[in-house]
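Here is the structure we will look at, set down as structure tokens.
Think of it as A, B and C in the order they're written, each chain with its own count starting at 1.
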Amino acid sequence: MRNPFIPRLLRVERVVIETADNNIKSFHLSFLMKEDEEAFSYLPGQFAELSVFGKGEAPFGMASSPTEPGLRFSVNKAGVVTTALHRLEEGEMVGVRGPLGRPYPIAELKGKNLVVVAGGFAFTTLRSLVKYILDTARDDFGRIDILYGVRNPGLFLYKEELEQWSKRDDLHLVLTIDREVEGWEGKVGLVPNVLKEIAPNPDNTYALVCGPPIMLKFTLPVLRELGFPPERTILSLEKRMKCGVGMCGRCNIGPKFVCRDGPVFTLAELAQLPDEGL
Amino acid sequence: MADLIAEMRQAARRLLEEKKVDLIIGFEKGTLPLRSSPCFIRHPEDVDRLTWDSSCENNLAKYLPGRKEKIGIIAKGCDSRAIVGLIQEKQLEREQVVILGVPCQGMLDRWKMEQLLEGREVLEAEERGEELYLKGCDFERTLPRAELLHRSCQVCRHRNPVLYDLLLGERVAESPVPDEYAEIREFERKSPEERWAYFTKEISRCIRCYGCRNACPFCYCRECFVDAEPLWVGKTIDLTDTQLFHLVRAFHLAGRCVDCGACERACPMGVDLRKLNKKLEKDVEELFGYKAGLSLEELPPLATFRPEDPQEFIR
Amino acid sequence: MKEQMKYLKLSKEEMANLLDELRREFRVVAPVRREGLILFEEIGSGKEAQLDFGNSRKSPKDFFFPQMEVLFSYQLSDNELKIEEPQPEPRKTVIFGMRPCDARALLLLDKIFLEGEVQDSNYRRRREENIILALGCTHPRRTCFCTSVGGNPFGTEGIDALFIDLGKTYVVEVLTQKGEELLRDRLSEADEESLKSAERVKREAESSMGPQVKAKELADLNLLDIFEDSFWDQVHEKCLGCGICTYLCPTCSCFDVIDEKTDSGGERIRLWDSCLYPLFTLQASGVNPRPTGRERMRQRVLHKFKYFADEFGQPSCVGCGRCVVSCPVNLDIRRVVNELVGGKA
């Protein structure tokens, strides 16, 4: 029986600075051993525990789509492990344990329209989902609207890709920033307000939302008012995690462990759980 | 004792009714024989929960830092010294507390009692003056109270509160113990190897539960050095890390510890914690002529600097 | 595989010899008196084993879920990283003197470490290597409440052979194949008289149990109903937030994972942690879903008696009473449970 705490080894292939403030970097990683790569079969919405040996482990949502080679994670520099990750250079080694958690319910989303609402650097796993859909079976899904808001233009992740996506006619991409900035010709406004403006039709549509607590606090009521029922509003949650496999007792919300029963939850599922902060 | 309790309840009731305090922190009857438990009373009708006996061992000053309310607090001698210390260290304003001082004849050591009874369970207990009556399912014993007091109480020099707004009951005679450091002097006579071996043997039982730290009124740091980043001391029960934790904590408390014994009483593994703290207490007294928690005006030597501070020992 | 129920007999005087005999083949762990405490330790001779005691200060969960465990070590050389898993020597161990509550607790730990989607391979190995000879509780303590949480002073769950103290002799109830293989050639069969005495001892023990704890009633309460109850505002106030109750508890299993560096590499270590510590759920962003003692006490009580009970049909508590005895402020979980239920009755 394989020890679930032993990471597999990855090499840092490329480091991309995503944001103008240097706080978010994307790490493109490749497996050292082919059998490890084959064993790591994941779906968008899942996460992995990345190890910086000597510093520790931390959970990160998969930013890459399983249709892409290797793994990509976008890391916000906030604590011990993320700071250590930010210091890594190409060629260095990290460890990975995963894939962990429940993915987005892709089968359930087929044949539906999708409204993807993201704030800040929470865009990562949603990017994975959209890319996966575009790469595998775009025709199996209905209309796809993406609303992605950040404080200022420098903070958008995956800028080149967003540029390409804005040119596609099978996606409706709306980018917004909090306050007017010279040179920005896109939308200006907080995500909840812009969402109200866009007023997507809830019929046969799923809303997939990811963002900081403050954004969720004001965005979820807008979705409710627009008529999105809790069963069709999907969130991805964040908690402090250690084992990632439902053993260490840390990441629970009531009886559910975010690492094992999430991080993807519908609002209907969350309504059954006590309010321990999103 | 009954009079004292009545006086305590009356004083608490008056303080709450007259809104002189928002909260009374005292002791209520515990759920086991010879146990009391800290209680928090906010309504005058609840003051009858307050009690007082030889099991009121906790240092209630622990609950003071970080509170904004006006608090009436039951304080033994050692507790009152801790309150003085907390006011010196600006964790508390003097005006915030109404100190209900209670002269103390020492508190029982429940771990010592357990050992004397060889682990047998006490089902009934009664304090009878200078004796303690204990009854279990297959025994009945009457033991002298003095033998069952916690070690810190046996050498306590401040049974009467040093700072108070109201004194409940009668002042008591201070302990006749001639030398509170006798145990330490005896230990000092051992060789370094013997002392280190003893320290190692004791600390090897430590399970890093932090009961000692969390029971101590002076361990109020929001982030303790064992939890901080960068990690100064390892978190595991590796012996070296654990020894270092206790050594550093003892030094953090030097000049502040009032030997209330809360740390040792909390420890579930019977680790002899007081040796370290008492030794440092002795050193501070000998080097700086200072005893913790006795005067609001005098400040702890390790937190202040005066040009005339003794320094012959600095080499 | 049907388990053979066999009843064997041993005089108390022979106990030390039995343990010494077992020591020739196995590591033997038993309750010993160490500096006035009863603790489970490997014994150097059968005489060290205590036969007359309440329960150990710390639970014996250490032998299955150690307080500190190296998960793996890594070596760094020339930008090459090698991970090495510790390969411990297999060590069949006989643990004598475990109380039925602590043995039952292992079945609850199994739910966390063995019965999830992922299994802890080290924990599994230790479960397989250890043989449990339990000692039934002839005189349950007032602080014991095993019968309130699905246990019994002579419960047989998780036990390979149960020793029943009749005063001068033990009747030994052999419960598993492991237990039978260990004892069948070392002990003689029990007689009718002893069996009758054993039944009497069991009945008396069960009827002597102290005050009941309303664990089942708590599990039956509606979660969202009780979660925001004002009950939680006061119940935590005296709690010091130390880890004593969680560390002594035979069913608590929360842990932390840290990396420690050595000269050329390092180790990843798992160690016990407590949901009562303020940093337990603190996120790097500074957000803490359980910022005060109120939320943390609520988590402890509800996890043990509600969340775990809902998922597994029994609370994460075996009623050993260690937390009741050792809490420095006598914050009695029995009272907490009963008051919570009482307020909602």
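Definition applied: a contact is a pair of C-beta atoms (placed from the backbone, for glycine too) under 8 Å apart; a residue touches a chain by one contact, two chains touch by 3 or more.
Keep in mind that this is a model prediction, so the values were computed, not measured.
A.B. asks: In terms of touching chains, how many steps apart are subunit A and subunit B, taking the shortest path?
C.D. replies: Minimum number of steps from subunit A to subunit B: 2.
A.B. asks: Across the interfaces A-C and B-C, which one involves more C-beta pairs in contact?
C.D. replies: When the contacts at A-C and B-C are counted, A-C has more.
A.B. asks: Starting from the mean Cα coordinates of subunit A and subunit B, work out the distance between those two points in Å.
C.D. replies: Their C-alpha centroids are separated by 51 Å.
A.B. asks: Calculate how many whole Å lie between the centre of subunit A and the centre of subunit C, each centre taken as the average of the chain's C-alpha atoms.
C.D. replies: The computed centroid separation for subunit A versus subunit C comes out at 39 Å.
A.B. asks: Would you kindly tell me how far, in whole Å, the mean C-alpha position of subunit C lies from that of subunit B?
C.D. replies: Those two chain centres are 31 Å apart.
A.B. asks: Going through subunit C residue by residue, note those that touch at least 2 other chains and give them in order.
C.D. replies: Within subunit C, the residues that touch at least two other chains are 256, 258.
A.B. asks: Quick check: what residues of subunit A touch more than one other chain, meaning two or more?
C.D. replies: 80 - these are the residues of subunit A that touch more than one other chain.
A.B. asks: Report the residues of subunit C in contact with subunit A in the complex, numbered from low to high.
C.D. replies: Residues 71-72, 74, 76, 79, 81, 83, 85, 112-113, 116-122, 124, 223-224, 227-228, 253-259, 261, 265-266, 268, 270, 273, 275, 280-285, 287, 289-290, 295, 299, 302-303, 306-307, 310-311.
A.B. asks: Subunit B touches which residues of subunit C in the complex?
C.D. replies: 34-38, 53-54, 57-58, 67-68, 139, 141-143, 234, 237-238, 240-244, 247-248, 256, 258, 260, 269, 271, 277, 279, 324-326, 328-332, 334-335
A.B. asks: Can you tell me which positions in subunit B touch subunit C when the two form their complex?
C.D. replies: Contact set of subunit B toward subunit C: 30-32, 35-40, 58, 62-63, 111, 114-115, 119-121, 123, 137, 205, 207-211, 213-215, 227, 234-238, 262, 265-266, 268-270.
A.B. asks: Would you tell me which residues of subunit A are touching subunit C in their complex?
C.D. replies: On the subunit A side, the touching residues are 1-7, 9, 51, 53-58, 78-80, 82, 91-93, 95, 213, 238-240, 242-243, 245-255, 260, 272, 274-277.
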